Amino acid sequence: MPASSASATQNQAVLDALSRCIAACELCADACLHEDNIQMMVPCIRLDRDCADICRLTAAFIARGSDHAQHVLKECIEICQKCADECGKHQHDHCQQCAAACRACVEACRQYAA
Amino acid sequence: MPASSASATQNQAVLDALSRCIAACELCADACLHEDNIQMMVPCIRLDRDCADICRLTAAFIARGSDHAQHVLKECIEICQKCADECGKHQHDHCQQCAAACRACVEACRQYAA
Amino acid sequence: MPASSASATQNQAVLDALSRCIAACELCADACLHEDNIQMMVPCIRLDRDCADICRLTAAFIARGSDHAQHVLKECIEICQKCADECGKHQHDHCQQCAAACRACVEACRQYAA
Amino acid sequence: MPASSASATQNQAVLDALSRCIAACELCADACLHEDNIQMMVPCIRLDRDCADICRLTAAFIARGSDHAQHVLKECIEICQKCADECGKHQHDHCQQCAAACRACVEACRQYAA
């Protein structure tokens, strides 16, 4: 079933949240590499990468109305939540912004899945 | 060089345009499969797919401040332009919306590259 | 935990199977667009695309030793199996080759997950 | 033009090289995070990531016979070469293996492009 104009509009909220989350994760993963104590940032970098990747897949599946969007959404929400928790521990701006983007993405994905 | 908060804000315009273009291309490629005369839509479907993929790469490179963002931007602009031209020929809503998203993406990429 | 040389070798079988599956799905999705009866090929094209995308994500997660590899493997196996079933219904060479690549990928993913 | 069985076979060499390069880059980027002197590995991690991403795009374009495969191949060769040069400077197994995979990929891409 192709996405109708109506659902395209409905989809926009979750697609925007996913896009913001991807960008925040990509930026955070790279910015962490330039922090003094990189060792401490390793879990953050690794989660950022997984989070950006699963969000990209989820966005593609939602945008094209894939039957499998609901399946990957569950995993997407789980990884976004973990990433928000990890980034939220660090005071760097990029971590705090990433945590906020991840939390917003979790919320948007949950509403979409419902 | 990590992207600063300032550049993150500047980046948002092009990242939003890329995200809208990706979503429009994914939707259009799938919706074309449900049109009566699919044969006529084949060039559109193929360009939609290439366009979504190059936009995803470009968005990732820009978001993480990659040294290679400028290189892929050129190819991204070229494919977006071709996709806009092809989609613009068809009267389906999804094609017209995709053409508009591609044109907006070309414009945003050009401003970013300048 | 970084993947050791040992696990890198062990990973090679599943990574090769995923890579072959991605290539077969990409080729099949495009070749289907050139068949006489495209309408009949639409479910095949859509599954090919989802399958290629989930295999790319799974390969990335396995290659970098992500904690989330096991999670996405389950979904990967499910989509590969569906794609094998759908492609297996069609007599085109590209469909038969894609079905075989998907089945080999299911097998490799199951062994890896075990 | 859909890839024929003949070209599918010809494509296999470059697709295998791209797949090995992606896997080596993903593994290396992650393994670098666990080295004692991460700071020194930052350029390596960043190139690994760009290299894996451009190789994924190039593999998709080649596999589906995209008109744009030749364009992205040039950029792919350039990033693979840079990544080989950077990884080649470090004595870690994962860096040396990544450098070798990148060099093999450059070679395969050049032969394919010719």
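Labels A, B, C and D are assigned to the chains in the order they are written; within every chain, residues are numbered from 1.
To be clear about the criterion, contacts are C-beta pairs under 8 Å (C-beta built on N, C-alpha and C of every residue); 3 or more make two chains touch, one makes a residue touch a chain.
A quick map from chain label to UniProt name: A, B, C, D = Four-helix bundle copper-binding protein.
Bear in mind that the values here come from a model prediction, so they are computed numbers and not experimental data.
Repeated interface, listed pairs B-C, C-D or B-D, reference A-C: B-D, with more than half of the contact pairs matching by residue number. The centroid of the Cα atoms in chain A and the matching centroid in chain D are 26 Å apart.
In this assembly, the C-alpha centroid of chain A lies 20 Å from the C-alpha centroid of chain B. Counting partner chains per residue, chain A has residues 30, 33-34, 46, 49, 60, 64 touching two or more of them. Taken as a graph of touching chains, this assembly is complete, with every chain in contact with every other. The touching residues of chain A, when paired with chain C in their complex, are 46, 49-50, 53-54, 57, 60-61, 64, 66-68, 71-72, 75, 78-79.
Residue ranges of chain B in contact with chain A, taken from their complex: 1-3, 5, 8, 11-12, 15-16, 19, 22-23, 26-27, 29-31, 33-34, 52, 56, 59-60, 63-65, 93-94, 97. Of all residues in chain A, those touching chain D in their complex are 30, 33-34, 38-39, 42, 45-46, 49.
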